[in-house]
Amino acid sequence: MTAIAYEQAPPLTVSQWLNARQDLSLESLRGSIVVLHAFQMLCPGCVSHGIPQAKAIHAAFPPDKVRVIGLHTVFEHHAAMGPVSLEAFVHEYRLGFPIAIDTPADNGPIPVTMQAYRLQGTPSLILIDRAGHIRLHHFGQLDDLRAGAAIGQLLAEQSG
Amino acid sequence: MTAIAYEQAPPLTVSQWLNARQDLSLESLRGSIVVLHAFQMLCPGCVSHGIPQAKAIHAAFPPDKVRVIGLHTVFEHHAAMGPVSLEAFVHEYRLGFPIAIDTPADNGPIPVTMQAYRLQGTPSLILIDRAGHIRLHHFGQLDDLRAGAAIGQLLAEQSG
Amino acid sequence: MTAIAYEQAPPLTVSQWLNARQDLSLESLRGSIVVLHAFQMLCPGCVSHGIPQAKAIHAAFPPDKVRVIGLHTVFEHHAAMGPVSLEAFVHEYRLGFPIAIDTPADNGPIPVTMQAYRLQGTPSLILIDRAGHIRLHHFGQLDDLRAGAAIGQLLAEQSG
Amino acid sequence: MTAIAYEQAPPLTVSQWLNARQDLSLESLRGSIVVLHAFQMLCPGCVSHGIPQAKAIHAAFPPDKVRVIGLHTVFEHHAAMGPVSLEAFVHEYRLGFPIAIDTPADNGPIPVTMQAYRLQGTPSLILIDRAGHIRLHHFGQLDDLRAGAAIGQLLAEQSG
């Protein structure tokens, strides 16, 4: 359908999953559109914008077609945002989608998956198509209209 | 691509155009996606939600691919929302897209195009695809995420 | 209680009242705090901010202590905002407080009361104390916290 | 001025102060109005409403007349909201007023000051007048208009 060579989405390197009955992988999600929402629980822009948007996406689309995954990419205040704090956050903010805790790296404060995706910060929104290619990679706030249009375009593509 | 028989969008029956160098018709817009936003200038839900959404759609998408048209469908308070009042409204609210004033009907308070589209009230959002078929017909507030997704799906379709 | 000489509020020169069983005057309201909200029905800042604030003030305080009066000060687009249009606006926006239509002036587009109060535009918020003095005179948006504090200060003053 | 016997505000029992050059006490603040904002860093209603309101109060009034104090009253998820996490929160949310960490109690999950004030939960807003009396005690969201009015009434009182 297109000759553009999209980048294959790197694997998620996860130290712990929340809200998931079993560990997930992008490979196991092939055939669905994956909305990867990278956040930190103490990032104000994530709490005011990114997380509500991820929850709205989770509510708006059929879960078998559009899979929302939260990716907790702690790159600052590591001691403040450990798994115990994140679990309380997920409970209080009623997050209903799976949350992947990005694995701390040996080479510095930026965790492994965040490095692999070359994220510039949080919040970041990544859209992965049914074939596992990165189709949108946005740092900061993206309005719902544009986020919706990007998802709608992927939904219209043949699963092939 | 699909066997569903979509309804052909009825023509716009317009008594006056604002913000348009010449009269427009849906036929002349074939090949573009048309976003038809039906409103009344004194409808609070239009002013708080529908019109800002129409402006956002107008700003977010390439104008040759997505054409936004306002349709002023006055079905109540007719004397309060005449063309002179509407022109001031369009100026004050900085509406930059063409506005069609729906033609009053002989058979009652509901104007001609509003009847043809069987609109239930304002605001209403209608999406027309490149071939002139109605693909979305929504009365009331539709959130930006779902509106964006609907537009994105039409954008992904082949124009052919 | 203070030696500051506050300006006496000029009378309201009104061509028509809406939402009032009888004509009102500031003199008849002595003993109450008067919140005068000057607006134009097609002024976007009035519709998005000033009018919701006036409605919230009307709902938050006892009506015998704080009287909210809308003042429709048309200084532009006169033909677009006549009484018939205003009545539909008041109905659609569910304004429950009395609305005074400012009297057109002989000397130009700015109506009589707007001139007497030297208003710079709309929305404007004017607070008049129990003795009929102007205590706040604000053009543009004033946040609810500061508006509330100004009203609270007048409420705490002895009526004597 | 009034015969109502207002309750004296109980002392703050604080395990640690943030954003304060020295420990504070209500007694040392006599002569100023004290706005006590009780919150938990992982309470969504605090983050979306209470804390922005406390910041707005801090910005709107002269700091010698109105002192804003945050009171971190952790009564659930204790391990998730320790001082290290709170410090990162205070930094990220740019809180500029002093924050008192309420002292954990021996008799259960509710900390000492929270018990003394009989708080029902977070967010809670407490207004203390210049003489150290509790004048407002509100659990949940209080709109800015009413919060401002309550502060304005205290500001208008003679410092006596």
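A, B, C and D are the chain letters, set down in written order, and residue numbers restart from 1 in every chain.
Heads up, the rule we're going with is that a contact is a pair of C-beta atoms (placed from the backbone, for glycine too) under 8 Å apart; a residue touches a chain by one contact, two chains touch by 3 or more.
What you see is a predicted model, and the numbers here were worked out from it, not measured in a lab.
Counting the residue numbers that touch the partner chain, chain C and chain D have more than half of them in common. Rounded to a whole number, the gap between the C-alpha centres of chain C and chain D is 35 angstrom. We define each chain's centre as the mean of its Cα atoms; on that basis chain B and chain D are separated by 50 Å. Counting partner chains per residue, chain D shows two or more touched chains at no residue at all. Of all possible chain pairings, those that touch are A-B, A-D, B-C, C-D. Within the complex, the chain D residues that touch chain C are 53, 56-57, 60-61, 143-157. On chain B, the positions that touch chain C within their shared complex are 42-44, 47-48, 77, 79-81, 84-85, 87-89, 91-93.
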